[in-house]
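There are structures below to look over.
The two complexes that follow have chain A in common; it is paired with chain B in the first and with chain C in the second.
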Partner chain A sequence: MLERYLTAASTYAHWIDYQFLLIAVLVGFWLIVAEGMMFWLIFKFRARDGRATQYITGEETHLKRWITIPHILVILCDIVIIVPAILVWYNIKQVMPPADETVRVIGQQWAWSFQQAGPDGVMDTADDIRTVGELHVKVNTTYHFELMSRDVVHSFAVPSFRLKQDALPGRTISGWFRPNRVGSYDIQCTQMCGIGHGLMAGRIIVETPQDHAAWLLHNSTPAVAGQQALPSPSTVGMDGLATMAEVRR
Partner chain B sequence: MSTHVEHAEPGIFRKYFWSTDHKMIAMQYLFTGMAMALIGGYFAYVFRMQLGFPNQYVPGYGIVTPGRYNALVTMHGSIMIFWVAMPVLIAAFGNFLIPLMVGCDDMAFPRINRLSYQIFLLSVLVLLSSFLVKGGPFGGAWTAYPPLSAVGSYNLTPAGATLWLVAVALEFVAFLLGGINFTVTTMNSRAPGMKMYDIPLVIWMIVLASIIFMCSAGPLIAGAVMLLFDQTMSTGFFDPTRGGDPLLWQHLFWFFGHPEVYVVLLPAMGIVAEIIAVFARKKIFGYKTVLYTTWAVGFLSFVVWAHHQFVAGIDPRMANIFSITTLLISVPITEMVFLYIATLYGGSIHLDTPMLWALGFIAEFMVGGVTGIFLGSSGTDIYLHDTYFVIAHFHYTFVPIAIIAVYGGLTFWYPKMFGRMLNETLGKIHFWGTVIPFNVIFIPLFITGTAGDQRRVYSYALFAEQSRPALQHLRLTSTIALLVMLSFQLIFIFNFFWSLRNGKSAGANPWRSATLEWTVPSPPPHGNFAVMPTVYRGPYEYGLPGGADDYVPQNVPDQAFGDQNS
Partner chain C sequence: MHKFQKSALYRIASRSLRLPLALVIGGLALSGCRMGATDAATRGQEVFETCVPCHNSDGSGNAAVGAPNIAGMKAWYVEREVDKFRAGVRGMHFNDVEGMRMRPMVLSLASEEDVKAVAHYVETLPPVPHGSSFPGDPKAGAALYATCGACHGDTGAGNQDLGAPRIAGVDDWYLATELRKFRSGVRGTNPKDREGRLMRPMARTLANEDAIRNVVAYVETLKP
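The block that comes next holds the complex of A and B.
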């Protein structure tokens, strides 16, 4: 159901989409029943001359069961919803499948920057690739991310991956994703982080292994990496933001 | 001033601004709250225009810059919750109704009551003054997460942030004083004969809401003091580089913030209960059960707060506990709504304006309730958190609470407050002109949220997936519906003031209601009751078989109606 509105591009996107569908069907059913019941009662018991009101306290057993039985069914539906909800949560947030690659994600006012291992496959070495606003990943590869913030609370969100995690200053928060569809997808910041909050856009580019290897090779020379390390004012794209940033310092 | 002035009728100042009469204080809260609603509505107009027509001149405002957009959404949220829903639902209705409905002459502590409003007014002035300071009003969202809210160089509104915080703290002081008054008055000043289970539901719910508020406000006030120190004295309570923790604020805030939802919900549910009983001519189905579910809701509201923080960086195992408690709270709320619907069974339903609002509340609130399940389930919340789905969901709860139920209460008690009837035709036009556009505003936002629109963003230009034309059409639909809804509010304002002079005279009990406030003249005189009432029965004795009329007021002795009620 969710996929009609937004592409699903990671393995766990479908888990969340199925959970969404399950909830939509169950609560949709109960919403229609309850609203239908209410409007039917309004119609059926509309005021008419000569018809007296019934005196009902709500303590009568034969009437109370009309509340109790649907209510028990609603509780059963709650259980049917909560069990898979927790399973989905558990598999996305509580456990992490073994990593093929690791990437560091750093939020700051108002850009995302990324660090990943260069061709040597080891993080924090000279050939690390650092990018701003753009993260290149391999399709069908399990990534672990280490999420940090340099200033305020940000939230790293990739809607097509159904991925969202707040970045907190002073902590490194781990998570994972496994892209399964080649393409280019939005990165959002979904936590209010100041006047540039709406400008804190990024792209995540899911590539085939060949394309990714080529990109890796092209960008791992320190000179190129150095060029990309600073955001150009045009990526920020707002008049006056630069001046505001200066005021801030 | 010479001394003999004091013996005369109170002057305008003493009567309208320095009164200790609960009814006058209720009016002060009501009119202040309605004025703030105009401001909050105006902000909604401005930022919806920006979203519907990005980067274009907004008539009556100008160009919306990103910084101003943040301030607009922050102030809209803060004002609608703290300065509209709270003063109108709790303070205005609580002050007006509690003494009249429990049968006493005034609040237990009239001067504390006056002080409560004065501090509230001060909080309004402090908040509004933040529009005049350098940098403008605070723009860090109504949740004010540090370090953004704590550090001026991050939020760029250092003065506005501090004023916002002080205003919120003052507002809390006002409602703590009010809550003490409501609770003490209801517990100690009831008319003779009014037992616990004879108290009208709206009074119970306002009192329980006050108790929930008083129990939950402490942590936030502590947090506010720490945040104020962080802002002004460079302490580091929420600064991780100096051993603080930004998550601490989130826990303190939401420990208050979630019960706050029920603080405003319960009075609305109470108002709706009164209206449904009167216009369906029915006893509330399972009065005691409604009350028990209210207590259950009040208790559970304290153990669900972290569902706002599933992806905030808390221990992920904690989400499971809070996901379960969150779905648990749907159990008593569902029961309560079912009981309200069941009350309609066997009734004689009169669709006057107050009843339309009350039924509209139930119909719309159910949508807000079921969409909460999507967010309370931790799995789906990963995706939906901080999207427009959340916005649509809580507006489907807050608009029924703070707009629909308030209109229900106002149209229902207007005859009692002012002695005249509102115009019924205008009332019905206003009802449909509010409820239909309300749905057209927020149903599209459910869809944009499902499609990934994130909150608090002034423009989606940089986000390819959110820049799809179909989504912009939905945003535009929502904006236009808001314009329609806002323009229909003029009808209410006209009706409200026109009827003050030209409305039909109401008489003491125009709705043939059984509760005590309808036994006194409209508007009630100073001191309320000429003869203090005695209570003989519960508040909802409608449709008693064999009675002379189809209802029996609470203050009529049994023998006048024979033994039918025993």
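The block that comes next holds the complex of A and C.
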């Protein structure tokens, strides 16, 4: 249902959507019942000439029932929400399916940059491809990501993948996604990270295997790669990130 | 008609609220519009507010966030570099940390007119000299500067015809940072960066870190 409003382009997007729908339906049901009841009671017991106000303590069993029965029902609904929520959390955040590819995602004020293996398929080698603001991935391929921050807390969010993960300076946070629909999707930062936070955007391009192979080949040629990266492979990885302190030495 | 709509309260409210409601709605609609009568100088100052968080209100910069001292920089140079950031010619290298920070900010400038206005405003800011932030040997740097002087001039005043900006009076940490970027290819490798591609081989004539520090120490002795 949510897919009608926001494309679902990863294998776990529909799990998140079902969870949202479940929460929206159950919480929405109780919202309508509670508000309806409140307005009905306000109307029914409005001030009228000749009718005295009653003092109700709410201690009698037949009155307490109006609290306890909805209370038990709400708790039951909570359980109905929490059980699948734990399953979704476990399957997305706690379990990592075997990776076909790995990408490094680096947040900084105010840009996303990416590093992935070149045609040799091995990360942290000379043919690695480094890009800024644009991540190219292959459809129906399981990606593990290593998420880092160069400065402050950021959050790597791809709404169409239903993916959102905070990036913390000094830590490498792992996660995964498996894109299942070819297209170009937004990347956003969803953690306030400074004055340029609202401008910290990027794109994730999901390509067919053929298009992705062509992109890899083009971007790993020395002429193109030279515009993206330092010549030394020692610059990759967290230790090699060109922080401002390193650049200024 | 409903009983409420016939009431005196409804009639009074509907008449007296018409004008305030129209004003509120109109005001909200116009609040997103820019006033057209603003002159270029005022507009430049307004646009410069985007730069203030990093470069400070006097343009003196902030080394802690890698924002250089831009007070008094020539408008032609500011405009050219801002255009490069806007076009992705600068600020798109994987290791250009400061450039990647700068690029989204210039992308928030609405138009070419705004770029020109802010560039001219920057030129009007009085230069703010800073002291040296690291040691170097100006005497040794003087010999190395001969290469730089060919374009930037003997006094470091720059040469617009050659596309070389003023470097006299520019903070030493910024000059050293950019020289390292040119040497390593973080700057000056984009095919569309004409001036950067000219600068890169010049920066590579500096053999090592000492050479960078020395030539920058010499530049710091030049009067802007």
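Definition applied: the second predicted complex is superposed on the first by the 226 of 249 C-alpha atoms of A that agree within 3 Å, B and C clash if a C-alpha of one lies under 4 Å from a C-alpha of the other, contacts with A are read in each partner's own complex, and residues count from 1 in each chain.
By our rule, a residue touches a chain if its C-beta (ideal position, glycine included) is under 8 Å from a C-beta of that chain, and two chains touch if they have at least 3 such contacts.
Remember, predicted model here, so these are calculated numbers, not experimental data.
Shared-chain residue A:R162: touches chain B; no touch with chain C. In the superposition on chain A, contact of A:I75 is made with chain B only, not with chain C. In the overlay built on the shared chain, the residue A:Y143 is in contact with neither chain B nor chain C. Of the two partner chains placed by superposition, chain B and chain C are both touched by A:L199.
Of the two partner chains placed by superposition, only chain B is touched by A:M38; chain C is not.
Once the two complexes are overlaid on the shared chain, A:E59 sits against chain B while remaining clear of chain C. Between chain B and chain C, more residues of chain A are touched by B.
Once the two complexes are overlaid on the shared chain, A:F177 sits clear of chain B and of chain C alike. When the shared chain is aligned, chain B and chain C each come close enough to touch A:Q109.
Overlaid on A, the two complexes show chain B and chain C touching the same residues of chain A, namely 109, 195-196, 199, 244, 247-249. Taken in their complex, chain C has these residues touching chain A: 53-54, 66, 91-95, 97-98, 100-101, 103-105, 107-108, 173, 176-177, 180-181, 184-186, 189-191, 209. Interface residues of chain A facing chain C in the complex, by the touch rule stated above, are 108-111, 113, 115, 130-133, 150, 195-196, 199-200, 226-231, 235, 242-244, 247-249. Across the complex, chain A is touched by residues 65-67, 69-70, 139-141, 143, 145-148, 151, 153-156, 240-241, 245-247, 280-287, 289, 310-313, 316-317, 319-320, 323-324, 327-328, 330-331, 334-335, 337-339, 341-351, 359, 362-363, 366-367, 370-371, 373-374, 377-380, 382-383, 385-387, 447, 450-452, 454-460, 462-466, 542-545, 550 of chain B. In the complex of the two chains, the chain A residues touching chain B come out as 2, 5-7, 15-16, 19-20, 23-24, 27-28, 30-31, 34-35, 37-39, 41-42, 45-48, 51-59, 63-64, 66-67, 70-71, 74-75, 78, 81-82, 84-90, 92-94, 109, 151-153, 155, 157, 159-160, 162-171, 173, 184-186, 188-199, 201, 203, 237-238, 240-241, 244, 247-249.
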